[in-house]
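Below is a structure I'd like to ask you about.
Every chain is named by a letter (A, B and C) in the order it is written, and numbering of its residues begins at 1.
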């Protein structure tokens, strides 16, 4: 499988395991089809701004060529050298005309040659001629190069209608695909990270494998407090200021604080080495498994959906990234529980026992041997997790919580449809989009489960 | 009223009775006013409406039905202040007359120390369990509260043998036997409810909903409905006096504010979001009022003029990213500001997006910033905003302009959010408030309106019309004043007598 | 067994502690000052607005809410910080002082500056026009000037009180200087000099090493959290709502039962439907009918409930299509009699429940039948089932008697989950159908920043979730004698 570097020795077995799973997976028709649907959606998501954009992909105007749709993308700057603004000289009068890509009315310019994207609208363009919930079957209008209002045909129709401001629903759906996929993938990556870490710690070390001197155990209490103090109390304003500036720098500061926290804690625990004498030197077990398991239980007892709604509602700065973080932070328990159980199994396996007897370090055993084994089934949970993360996100934007108002998502389109029941296209299309995406992920998860479960194989 | 304008003498009707048959007397008036003014009552917001106009109530010994309202200064608002007092029955709330210990002077004395008896009484009075209890909510009106179910409905029933039954004045009409205020918080649910004829009267219908309803034959057959002008307007306010650090001086220049006014597509907003059912105005008074300054021209949408003004003010796009910028304190600042608005005020989001689109085409970037109601106002009061979109609801009564425009209302974190005002405008406001002569008052208030329009702290977006629908089972009128109808006068035209009506209070 | 239950009950304590703490932290850290919410929000409805809520009124609210107390049992701060910082009552001012302390490293200096600033502000705003005149000066004084000066001064002081950025402070000090030049006499000068001096003292000192030394303060039980917790534990009192100032416990219980009825019914129906389907799916595994029904169930499971809810609403409560059910509420106040008996009440409320019920049911139905199918497949592989088959027991009996009994185990967990679901899962559905239950209440509490309400809902649903798990575990043990909770 693709998840890690393989060394030659187990290439053979691993490969056949992967191939076997794939074979099983393919047998499950719905899951197999879903996989390709997912690939297709990934494609839409990745190229959303080239598929639906109100600026042409390519246009020539008064002897100059433009690649406006690429200007905001990194491709635009590096490949086409597009800067977002250009000036054109009128051939007769010699006047310079300034063309600002994103506000220029490309439809009104007399373009020599032009290639429009598949859907020549972007999710935020307000089409003044087709405002106020134009149905897909209604007559649509557009302005031609001469400025006359004509009936729009073909590409220039809003195939899925528009909303009150004249924003194209199909463009919104395409843009929403990107956001939904991002939400699913990013939040589950966060959950996966936490789940794997805690789950494997709990499962592999259990209650009786980590031995600490008493002094270190005692030092843990002031250590936690101190680490909290340095990482979060003193840096509290730094973090909140950074979040005020931008979500990105906020994340960076938060991550720094977490690192600092871990570092200080480790330093203090290692410092305990110098105090190991007499009573304090006595070795005791650190019940990692119990601690983490209880933690998971406590976490599971929390009303998670409520928690997510509340936190996203009280955060002043609405941001889709923060939403992903919150969803990710609240959905790691399933994975952790599963990884723990899997680890408990794995550590009794012969080859892990053998590795240990060969003197390999515990950490190395986890990362190199135990984890990869547990990895494949984890992806069942990841697939289901992505599905529910997408549901949560669209539910939140349906309630108009946490998602910025100028970002078009599936849920926010449904929210508009809710106040405007006659505009069925605002309900049906985004609803179907959510439904299909969630189904696809769920089917893949189910397919993976069937494929990986040896008992269900035939 | 006497010549000084500070003493108003009132005489009460002597046939008004409380529910238990006791007469409504001066004692109840004094008790109610004291309750409002008392520093111990938990009503900080209600109190402030009265402190300007009420200093004390003087009674005549032996006369149970007349009293004198003493005001601190001769203000236009004095005449109307008593109409806003909610009367409370003293014999139910305070049978032992504990409140006699509280003097009117004490209410204005910051250092007042209440007696223990008073403290104890107020503790009970402020207890929340009484606020919706029918036993305590007695009144003088023709209806009494039967049941109040949270988030669901409020049930009122007609009193038997009400004192006003014999009267024929319109204000004392009480035709329906039972009134149910249904609380529906969702716009489309309200729509369906009225389509299903589940409610008889509604005063907060969505704009598009009523238009759609009026297109239906059966709706018009069973409901009378109307769009009606009301004393309310939406505005976009700009921070004229930002601190310069947390909020940059975008709108300190009147030219920038005027440019924004030129760029905001008010007519478009009215057309798209209000379907034409809104009027434009240029001042803070409703154009329904006769003192409205009709001679001030509307600010038209004009991109070229706006761009010129912005250029003049020094905002130019120097780096080709389409966003205008300017060097302030040695730093290049792009014109990118947050527009605050209330997240659950219906079309705010769309209006903001329309403004954003128009401003972006002129090189200004708007970041929509929806905020929850109380947070929105907290930020507005503390000047913690770049620009904001809000709405004011007025009334036919006298509106004191100092609340919105006096500069002390800015410096004391009051409702003058934007920082409008100088010594000249302040003195004009005071003059308006003290002017008892109507025609002179009109001249002065118009001058003030002109001043506000010139300074452009607000872009006056529009004044949306109220949407009212009343079932044709009832004969009833529709009014400009909130809540656009007078439930008591509803008269059942056909059908049995016991049918209830259900006005809807969509929140 | 008892030991196990006891252990689980013990786990309640840390869990509830964590949940309540979390909710408490959210309510403290989230934007919006409760005092402002309580004193200000209602005043802005309508044009007749006055924000003239006096300081003493705000203080009385603060005192009533206990906001003048420290937050928690202890605090851990930098040693340069003043340990009575919590006594500064305004949230914003507290932040300003703390930031200034971090910057300069000596809270004494900050306190000098801040006290002077506050005094100056109070002194200035208490000045009367006559005070300006009293100063002997050659400039003829106009009343308007005095008002103007006062306002400008007020604004300057207020801005300084609310800011910690040196840039802002310097700018304000400059404008104060300007004002002092205009105001006759030496009214402002001495104040300004003091302010300048204190600011410079503060600005040019920097936090030394002591900034890095933590100091630990123990406040004891007289703190906000303890106050809240003890009221909850002793009186079952969650405090009062910020929105309508009503006792929360009462409000929540009422709403809880409205939601609970709905969810209980929905789960019941879901079970009745899904058990036959699950058994069918397991028995016909791999056959076409099973594959189609599985796929169908799967798609049901993936349908977002808000989508389904909306569609149902627009199909069955919309006069454009059919009006079979009412569109909102949970009963008709028009013909509702409080003296009705149980049955009458139910039949009156039923029409209101049907659409939300379907929305709830279809997803739990799909979920349950999926679990059941998996469980059944698992059991059918077991030896004893094979033995049963080998013994010649009818397939029907094998399925319904032997396999099903054991596959029901996971469903027990599902069944007890309805308690927490009554709170958390219903937010969206109840919002769509304006069904005034727990979900709508929590949505509104969150929307209105009604923190006591939020904390209460959190704690309650945490408690219910855990009780649910406990009950599930006990039922497990009864249902399956193989499971013991004693030590392995």
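Simple rule for what comes next: a contact is a pair of C-beta atoms (placed from the backbone, for glycine too) under 8 Å apart; a residue touches a chain by one contact, two chains touch by 3 or more.
Note that this is a predicted model, so its numbers are computed, not measured.
Participant: Looking at which chains touch, is this a line, ring, star, complete or other?
Facilitator: complete
Participant: Could you compare the number of C-beta pairs in contact for A-B with that for A-C and name the larger?
Facilitator: Answer by contact count: A-C.
Participant: Measuring centre to centre with CA averages, how many angstrom lie between chain B and chain C?
Facilitator: 29
Participant: Could you grab the centroid distance between chain A and chain B? Build each centroid from C-alpha atoms only and quote it in angstrom.
Facilitator: Between these chains, centre-to-centre, one finds 44 Å.
Participant: Would you mind pulling out the distance in Å between where the CA atoms of chain A average out and where those of chain C do?
Facilitator: One centre to the other, that is 25 Å.
Participant: Got the chain B residues that touch at least 2 other chains?
Facilitator: In chain B, the residues touching two or more other chains are 188, 372, 375.
Participant: Residues of chain A that contact two or more other chains, please.
Facilitator: Within chain A, the residues that touch at least two other chains are 313, 316, 418, 421-422.
Participant: Among the residues of chain C, which are close enough to touch at least two other chains?
Facilitator: Those would be 31, 313, 318, 431-432, 447, 449.
Participant: For a test of understanding, state which residues of chain B touch chain C in their complex under the given definition.
Facilitator: Chain B reaches chain C through residues 39, 42, 44-46, 48-49, 51, 110, 128-129, 131-132, 147, 149-153, 155, 180, 182, 184-186, 188-189, 192-193, 195-196, 198, 231-232, 241, 243-246, 344, 372-375, 377-378, 381-382, 392-395, 399, 403-404, 407-415, 421-424, 426-427, 482, 500, 502.
Participant: Name, in rising order, each residue of chain A that touches chain C in their complex.
Facilitator: Residues 30, 225-226, 228-230, 233-234, 237, 294, 297-298, 300-307, 309-311, 313-314, 316, 387, 391, 394-395, 398-399, 414, 417-418, 421-422, 424, 427, 431, 434-435, 438-439, 442-443, 446, 455-456 of chain A touch chain C in their complex.
Participant: Given the complex with chain A, which residues does chain B contribute to the contact?
Facilitator: Going by the criterion above, the answer is residues 187-188, 191, 206, 208, 212, 272-273, 320-322, 343, 346, 349-350, 352-354, 356-357, 360-361, 368, 370-372, 375.
Participant: Which residues, counting only chain C, touch chain B once they are in their complex?
Facilitator: Counting only chain C, the residues touching chain B are 31-33, 36-37, 39-54, 56-58, 61, 92, 125, 144-145, 147-148, 150-152, 154-155, 158-159, 162-163, 165, 167-168, 171, 240, 244-247, 251, 254-255, 313, 317-319, 323, 326-331, 333-334, 431-434, 436, 440-441, 444, 447-449.
Participant: So in the complex, which bits of chain C are touching chain A?
Facilitator: Those in contact with chain A are residues 11, 14-15, 18-19, 22, 26, 30-31, 76-78, 98-99, 102, 211-212, 214, 216, 295, 298-299, 301-304, 306-307, 310-311, 313-314, 318, 320, 377-378, 381, 420, 423-425, 427-428, 431-432, 442-443, 446-447, 449, 454, 457-458, 461-462, 465-466, 469.
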